[in-house]
């Protein structure tokens, strides 16, 4: 190799140039981040800035700020895969009413959705559990004030493989199965087969709901899921697992069951206690209180959606609580909030 | 400026491509050499950039370590999460909480899961890989050798999610109906079988290099002493290449430890400590992948996942360094 | 490889046994080879058979409707393409420059050994760790949002090791005489490298780039962490690299796999087929190119 002069000075100069570039990058990056925060997770509708690094959504335009606006642009909803079937139908109807609007929903799970909301990545979080104080604190730390809108009430169906014919389960038996205290189907009137417990994963609001409002409600506040439960990525994944596993058990909202082929899984009738009748999950049994495993489905926004900066958020939430939006909930066997 | 009309330079082009502009005849050669090169400042700048990128890889590796550590150690320094609990809590629940007492996360369960899957992978991939390497290096005719090497490289290029998908479609139902492993067929064993095919091309490639590097005298000496081919391979060539073969196994192990997608969909989702590879389990990589979406900027989960990443990095780093040292030993041994 | 000695005409019992053992063992190694190679055939066959029915013009050229159950994956294909282009633009100049340093400028010594070891390490870092690093660097420190270019940058970091390795090998295999001839004529080292050595090494470099692209197209884990999304109709102008979240074929496949029975099976296979086709095109081109290099008479042992 040809002799070279010592490169130290050059490296130093290069280092200086690199440092300057990094500083420039950080400055640009902070601008983008700052703009994200300013939008408050909304899409910067009323400001004229067009930030290059948006939260994955393009800035929508509102041609007027009156009540009858021509809406266009994009809206992101992130969160629960239990709420997702409802959201998808609502979006279809909403987009039908407002051409030029695209609304998309992600299925990261209630936890993922709330995290996205906290991080300013999505203006609406869909959740199948109530937001926790801890998360409200985190949102507040980021400048968001959490506002809860109840969409509907959902029954949580307990599903097993179609060939599993157990006649019913009580609320307490369900809790004990998921807590690992009952481990064989024969203990609850089924075949002699070890129970394979499938659950949602920790991102899921349903996961938390079952732990807090089923297991702990039945067995005490120290109880928790069995250590050996098999966590699935989302509701459809768990339903797929149970549809192939004769020993499996899982839980899912009625909206999720509507999304899979009929007969792929079997819903087990649940009795509130040994004395009550076991009933199937449906909006009637939820309303009457006979079906013991039910909960609310929520959208979380920054502040009251009726006063939100983003007209798309205002319009969408208004649609959800309107008669039309509630009718969609009924279609999915959910109990309307109104 | 040398002429460069866009053709790829061939050997014969050297003269014309490199021809400097004709200098006035009156100048002496010495003066011509001393003359500052046209465009010299630009050249120096470009060379500085080249020197800079040279150390870029070092910067990157160190950067990965530093960032992982910086984010990960927040778990203990900022959130006061007990280190002992991080090491020993028997479950790895990826809850998004900012309260240390509510955080139920320990690395031992994902670590054991990773080790189970890796063990299964190695048990399958090392013998298969070595046998294949022996075949293509010593036994196969040269044409066949080339085809198989190419096929192995193709195998290496197949996205692991495809392996996972086909495994889910073919292997999981089979295993579920025949053996009942894990949860509905999803177990560490199932994942390990698929990951073995992901790791094996790497093992083949390195083992083949190692066997090829054994000097031809070794073989000739063995035959001269009356060995048949098998004896030559088993008693002479493989022991000579043992360092390279060991390195191949180690690098295959590193590959298996780092695999995410196949284990995510095939290993089941049990996040607690498992005592058998036939159980459903959740490895370190799967824990990170399934938990990261839930990890807000304020929670303990984010630093915990970075710590998990740091442990992963450490395992692959040390394995690779040892493998490289072992390979270096073989290189030195056979260099002439 | 020397020829094995011929068996003598009068084979003793021991020699016969040895020969039998040898045949058996060699058959086993052949079997192992078949087992190892079989998955490519199996995977390709299944993906082709199950997926071909889903491949329609609509599937390839239209965007998703009804959560991707109808319509196609066009945005995913386009955005994957953008991502790969960005990966090349980001990783190749830096990678080739680095390889040039390692092969042309670096003096043998501890620094060089260290850098070579570093490159081997970088190639072995788990892809999900690259995802974590990308998230920490681009999302936390630089404060960027989860846009496509961030995913591309993360994949580019992973691609660096591959590109540097193959570019360096390729440069090292250029005969020294070519460089020396150029230098002897008074051409500066930089110009020699740029106009003489690099062009000779170009086929090998391109091979490495093709392999790196193929790898980037197939990586799902870092993409998952840094924030890709499932198929969505977005504005596909090139400004999407900063405005939109990444969509990637491999992530799309993962997202649909995880929807299980809630998503039409043949569409999953269709996505798998498109992904496999993508990857095979690049891989086969790379192999073909490498074969051409070998046959042109490069000194490098294949």
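Here the chain labels run A, B and C in written order, and each chain numbers its own residues starting at 1.
Please note the rule applied: contacts are C-beta pairs under 8 Å (C-beta built on N, C-alpha and C of every residue); 3 or more make two chains touch, one makes a residue touch a chain.
All of these numbers come straight from a predicted model, not from anything done at the bench.
Novice: Which of line, ring, star, complete or other matches the graph of chains that touch?
Specialist: Chain contacts: complete, every pair touches.
Novice: Out of B-C and A-B, which chain pair has the most contact pairs?
Specialist: B-C
Novice: So, what's the distance in Å between the C-alpha centres of chain B and chain A?
Specialist: Centre-to-centre distance between chain A and chain B: 35 Å.
Novice: Taking the mean of the CA coordinates per chain, how far is chain B from chain C in Å?
Specialist: Computed from C-alpha means, the inter-chain centre distance equals 13 Å.
Novice: Residues of chain B that touch two or more other chains: which are they?
Specialist: Only 47, 49, 51, 55, 264, 297 qualify.
Novice: List, in ascending order, every residue of chain A touching at least 2 other chains.
Specialist: As it turns out, chain A has residues touching two or more other chains at 233, 241.
Novice: In chain C, what residues contact two or more other chains?
Specialist: Where chain C meets two or more other chains at a single residue, that happens at 105, 141, 189, 258.
Novice: What residues of chain B sit close enough to touch chain A in their complex?
Specialist: My answer: residues 44, 47-49, 51-52, 55, 90-91, 93-99, 102, 173, 176, 182-186, 264, 268-273, 279-280, 282, 290-291, 293-299.
Novice: For the complex, which residues does chain B have touching chain C?
Specialist: The touching residues are 2, 4, 8-9, 11, 14-15, 17-20, 33, 37, 43, 46-47, 49-51, 53-58, 60-61, 63-64, 67-68, 70-71, 127-129, 131-132, 134-136, 138-140, 146, 148-155, 157-166, 168-170, 197, 200-201, 204, 212, 216, 219-220, 223, 226, 228-232, 251, 254-255, 257-261, 264-265, 285, 288-289, 292, 297, 305-306, 309, 312-313, 316-317, 319-321, 324.
Novice: Which stretch or stretches of chain C touch chain A in the complex?
Specialist: 66-67, 104-105, 107, 141-147, 183, 189, 227, 229-230, 232-235, 242-245, 258-263
Novice: Which stretch or stretches of chain A touch chain C in the complex?
Specialist: Going through chain A, the ones touching chain C are 1-2, 4, 25-26, 29-30, 32-33, 36, 52-56, 58, 74, 88, 92, 102, 104, 106, 121, 233-234, 236-237, 239-241, 243, 256, 259-261, 264.
Novice: For chain A, which residues count as touching chain B in their complex?
Specialist: Counting only chain A, the residues touching chain B are 7, 10-11, 13-15, 18, 108-109, 111-112, 114-116, 118-119, 132, 134-135, 137-138, 141-142, 196, 198-199, 201-203, 227-233, 241, 244-245, 248.
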